[in-house]
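Two complexes are shown next, each including subunit A; its partner changes from subunit B in the first to subunit C in the second.
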Partner chain A sequence: MSARAGRTGLAGGLFTALVLVFLLVPLGIVALFSLHSSPSLTFPFEGFSTRWYSEVFGNEAFREALFNSLELALATAAFTFVFGTAAAYGVTRSGSRLAGAGVAIFLLPITLPLLFVGIALLIALRRVDIELSLLTILIGHTIIAFPFFFMIARVALERLDPMLEEAAADLGASPWTAFRKVTLPQVFPVLLGAAALAFMVSLDEFVVTFFVSGNETTLPLFIFSRLRTTLNPSINVVSTLLMTITLVLFVFAFVMGIRAERRRARRAASLLDAVQ
Partner chain B sequence: MSSATLSFRGIGHSYVEGEPVLREIDLEVADGEFVTLLGASGCGKTTLLRIAAGFLAPSEGAVFLHGEDVTAVPPHRRAVNLVFQRAALFPHLDVYDNLAFGLKLAKVPKGEIAGRVREALELVRLEGYAHRRSGELSGGQAQRVALARALINRPEVLLMDEPLSALDLRVRLEMEAELRRLHRETATTFVYVTHDQHEALALSDRIAVFDRGEIAQLGTPAEIYHQPASALTARFVGDANVLPGEDGLTVLRQEDVVLRASSDAGEVPAGALRGTVRDVGFRGAGYSYVVQCPQLPEPVKAEVPSDAGPPLGIGAAVTVSWDPALTRTLPGEDEA
Partner chain C sequence: MSSSASAPIEPPSVDPMYPGAPPDLPPAEARSAAGPKNRRTLAIAAPAAGYLILFLVVPVVTLLAYSVLTAGFFTVSGPLTLDNYKQALESDLTWQLGRNSLIVGGLTAAISVLIAVPVAYWLRYHAGRWQLAVMFLVAVSMFASYLVRIYAWRTILGTNGVLNTALIDLGLIDHPSSLFIFNQAAIVIALVHISVPYVVLVMFAAFRPIEPRYLEAARDLGGGTVQRWRRVVLPLIAGPAISSFIFIFVLASADYVTPQFLGGPGDAMLGVNIAAEFTASGNWAMGAALSGIMLAAYALCFAVAAIGLRLAGLSKIRWTT
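So, the complex of A and B:
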């Protein structure tokens, strides 16, 4: 039996490894060719150089796109943090039967095709005569990132002991103070992780951005326009940058989640201890 | 009785579309008194406590604090504090900051806060625990911190919702003594909710026995124990036998039952009943018996001191008797 289990284990391991290679090798190649010394994007690899990095960073349009993208991602993270926390808190704390409907509505943007969101947003903005700008991109990004934040925040808030808020109220805290001093500190690491996710969603959003960007540009739009004109490693440089930022944020969100989970486990253990 | 600190007048409450959980509750708690609301789960005692704390608005009636109607005052503006069933300490704060929480909100000067936290920790005998996290405390310690966190605000009334129910027996007995001492030393008015009759008897100045949303009896522990007003109180508080008598119900406490092995006497003495031992358990100081008597609708419970000899076996034939002077007769039918 164990030999057979070993064989299936080996097969499973191989399969997993193949999938990972399949997923990661293209990313590795993109990163590798961002350092290519020649303009060619195909093998053979002719040597390392940082010339494409210098070229890209010397490019005014790129710097603007990078700056716009970071600004947008930061603003999207901040907006979803405020709206998403408020929505998740409202849904978890209201005893109303409408709370379930609220959850469905807040999650709706995830299920809609981005193309549809982009067109709908464009039509709506035209109707109310808002000019396309970074602000309209921000609105689009917030709509898309919101459900991701909301989902995570809701789970975190639902796991909290509502008795702690009552204890705070009993000790003289108004509802807002109780939220600020008792509820928020307990879920803050998770919310920070969720905000990092919103940041990532904004950073590489393309479809909706394409519709509502007007004359503005972001990193994904910059890559897209570059692809149509010049095919050289400068695109790899931008992609590698995007990838690196995303990876760093992902690790951050992950670590925040793990820390929150550990703290929760410790608390559960101590509670169990108290009961025994 | 001196002036009432906390009064409930005509309190009624029903949750949405349900049976009323509280009906016409009138209760006055005197200054410095220790009153326990005792009852089985679902009898409305916790609902009344939450109404006192301000977490629930009663459907009917009003709550008064020192004669002032506070029914519409939200919990954070009421001069009462509640100790929860679980300690409900803030996990992200250490003991010091848990205790200082209410004082900081009340804008008490920093220097004074430090002094009062120290006093409160001394009061619950946890000097040196100021910088522990709530996760590093035992159940009993956490509940003592919760008590200190409530008392440090010098509430008009300290409300407690089964604060000992999550603790093990040894810690619970320790905490009972601790509560009596805190009550004496702080001279604060205590309102305590429990389903444990031993706790109620051991702690209270007065007990209000709750039955299905109403106060079935209100009195001192001795009154409640010795003069139960209803079969429910007799059963619930004294764990007594309630037997059908000539004019009403006879309340017979377990320790007043006399059990004799039948072989002792050939025939049954006058007033005694024949019976069979169905169960026997060792309780340390005594044996507790369950005896089935053919003449009675339900088994008789009896407690016999354990130093009176070895226990009777299950199935043993016995006679059951008692001194009628030790029983109490209740009018009316048995509802329970």
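So, the complex of A and C:
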């Protein structure tokens, strides 16, 4: 590497480090103050205490929000897994021209600002007199999480080695058996990672939930209501909880993805060896 | 490697979880043939398509229909009318909020792209063994909750916030300054914080097919830094950069929460008003008309960008991955 490239690399590395500080330090500060012993949200830091955790976990409204959020996230992940896998399989395995239109519909939710998804869903539900409830929140979350799952599932299915499915069909497996015994096991870790992503999207969702929640509450709605009334470290506690769950799931999804990717690379290499 | 010099550049598709995946794929033409083809297989995708049509496409059409109906309180009725649009477009408030949305959206998008391009460039060509770790940190920050970020910036920028106390401790100011919060800059900072990770991942995907040897070739042929960027790098990344710009512009300009917590009284945006029409004010027809205006403005942006890129002879924008 030339001296010049070295300088560019150093400058770029410093800039990237600053950007990482900008991205991560505010989140770290939120987590830090969740452990603050005083109600103050600013330095100097007066000492560690778990009092805000006790306060929050003792709060009835919080516990309800937590259970609702976990229930919704789990249901969203399950729904998205079934719908999304079917959609991605259908789109990648049919030669039909309609598949393009399908892809456009499946990605529509991320091209539209969530504000419009929220208000449109609200008026449509009211139009047919559906009461707002956890179910209507679930409908909203599934719409939003769907494209993320679909994109990942589609890439995973497209990258599969076609010979394996063909071999299964030649050996007399029905399409369903071939899918269950040959296709699914190969992509399952990635799909599980993508479902974790859907879980995260649901857990953090606020913009659409706000419109279709009726009298129900979720963790982001709980944060929202506290933001308007009491600014104290209890908000940091709920935020830190959300970030922790998200981080754990993200690491899980990341590891699943890396493992699948490495396995695929190894298989590609061994196939290449076999051919040569 | 997955692409050759003549291949069209990859769309700004990124696998949000595995951006660092080794590019060891066979060419796209070979890959898309994966598995036995069967037209009927598409039927398996029908339930999901039906779901999105029922709960997204039909509602959006309903929303647009409401914009030309007569307003009631939390309801609409016939006859058809264009009054809502007329009223919305004649109101000074609409234009003021629209200008705020445009400024916040444009600044957020421009700053995010300007920050993300050097980061993605460094990640692609210079990061070496740091690549996966940095990518992981960027992606982690992408999944932090939207409200948590707004809250974080509120505690940092607030009058008694972290920034003020730090500046006082450093002796740079005497009293807490209220200059950091409740203005457009605070809104833009929070929205940039939300947007940068997306753009970094998209731009990294854009740099991925540009192999270092292309840049070396340009240098060997006598191109200076400026010329290399102008003739080689920019044409290859312009498509993804512009589509990220538009994506972030739309996301930021339609925001309705950040202005409520970080903006001042004069910094409301169109989205805030639309949200209010559907909740507190109950004027659905007006909210729908404002939504129609915003959607039309976005469609215009897409069209201008697509035509502009085509006229410039650059890769056309790809909206899907």
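As a working rule, the second predicted complex is superposed on the first by the 270 of 276 C-alpha atoms of A that agree within 3 Å, B and C clash if a C-alpha of one lies under 4 Å from a C-alpha of the other, contacts with A are read in each partner's own complex, and residues count from 1 in each chain.
Here, a residue touches a chain if its C-beta (ideal position, glycine included) is under 8 Å from a C-beta of that chain, and two chains touch if they have at least 3 such contacts.
Because the structure is predicted, anything quoted here is derived from the model rather than measured.
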{"item": "Partner chain(s) touched by A:E158 [first = subunit B, second = subunit C, both, neither]", "value": "second"}
{"item": "Partner chain in contact with A:V128 - subunit B first, subunit C second, else both or neither", "value": "neither"}
{"item": "Which of subunit B and subunit C A:F116 touches, first, second, both or neither", "value": "second"}
{"item": "Contacts of A:T177 with subunit B and subunit C, given as first, second, both or neither", "value": "first"}
{"item": "Contacts of A:R93 with subunit B and subunit C, given as first, second, both or neither", "value": "second"}
{"item": "Comparison of subunit B and subunit C by subunit A residues contacted", "value": "C"}
{"item": "Touched partner set for A:E166, first subunit B, second subunit C, both or neither", "value": "both"}
{"item": "Common interface positions of subunit A, toward subunit B and toward subunit C", "value": "161, 166, 169"}
{"item": "Subunit A - residues contacting subunit B, complex", "value": "161, 163-164, 166-174, 177-178, 181-182, 185-186, 263, 266-267, 269-271, 273-276"}
{"item": "Residue ranges of subunit C touching subunit A (in the complex, touch as defined)", "value": "13, 15-18, 21-22, 24-25, 31-49, 51-53, 55-60, 62-63, 66, 74, 115, 118-119, 121-123, 125-127, 130, 134, 136-141, 143-156, 158, 160-162, 164-166, 169, 193, 196-197, 200, 250-251, 254-257, 261, 271, 274-275, 278-279, 284, 287-288, 291, 295, 319-321"}
{"item": "In the complex, subunit A residues that touch subunit C", "value": "5, 8-9, 12-13, 15-16, 19-20, 22-24, 26-27, 29-30, 33, 41-44, 83-84, 86-96, 98-99, 102-109, 111-117, 119-124, 126-127, 139, 142-143, 146, 148, 150-152, 155, 157-162, 165-166, 169, 175, 183, 193-194, 197, 200, 203-204, 206-207, 210-211, 220, 223-224, 227, 231, 235-236, 239, 242-243, 246-247, 250, 253-254, 257-258, 261, 265, 268"}
{"item": "In the complex, subunit B residues that touch subunit A", "value": "53, 55, 74-77, 81-82, 84, 86-88, 90-92, 101-102, 105-106, 134-139, 142, 149-150, 153, 166-168"}
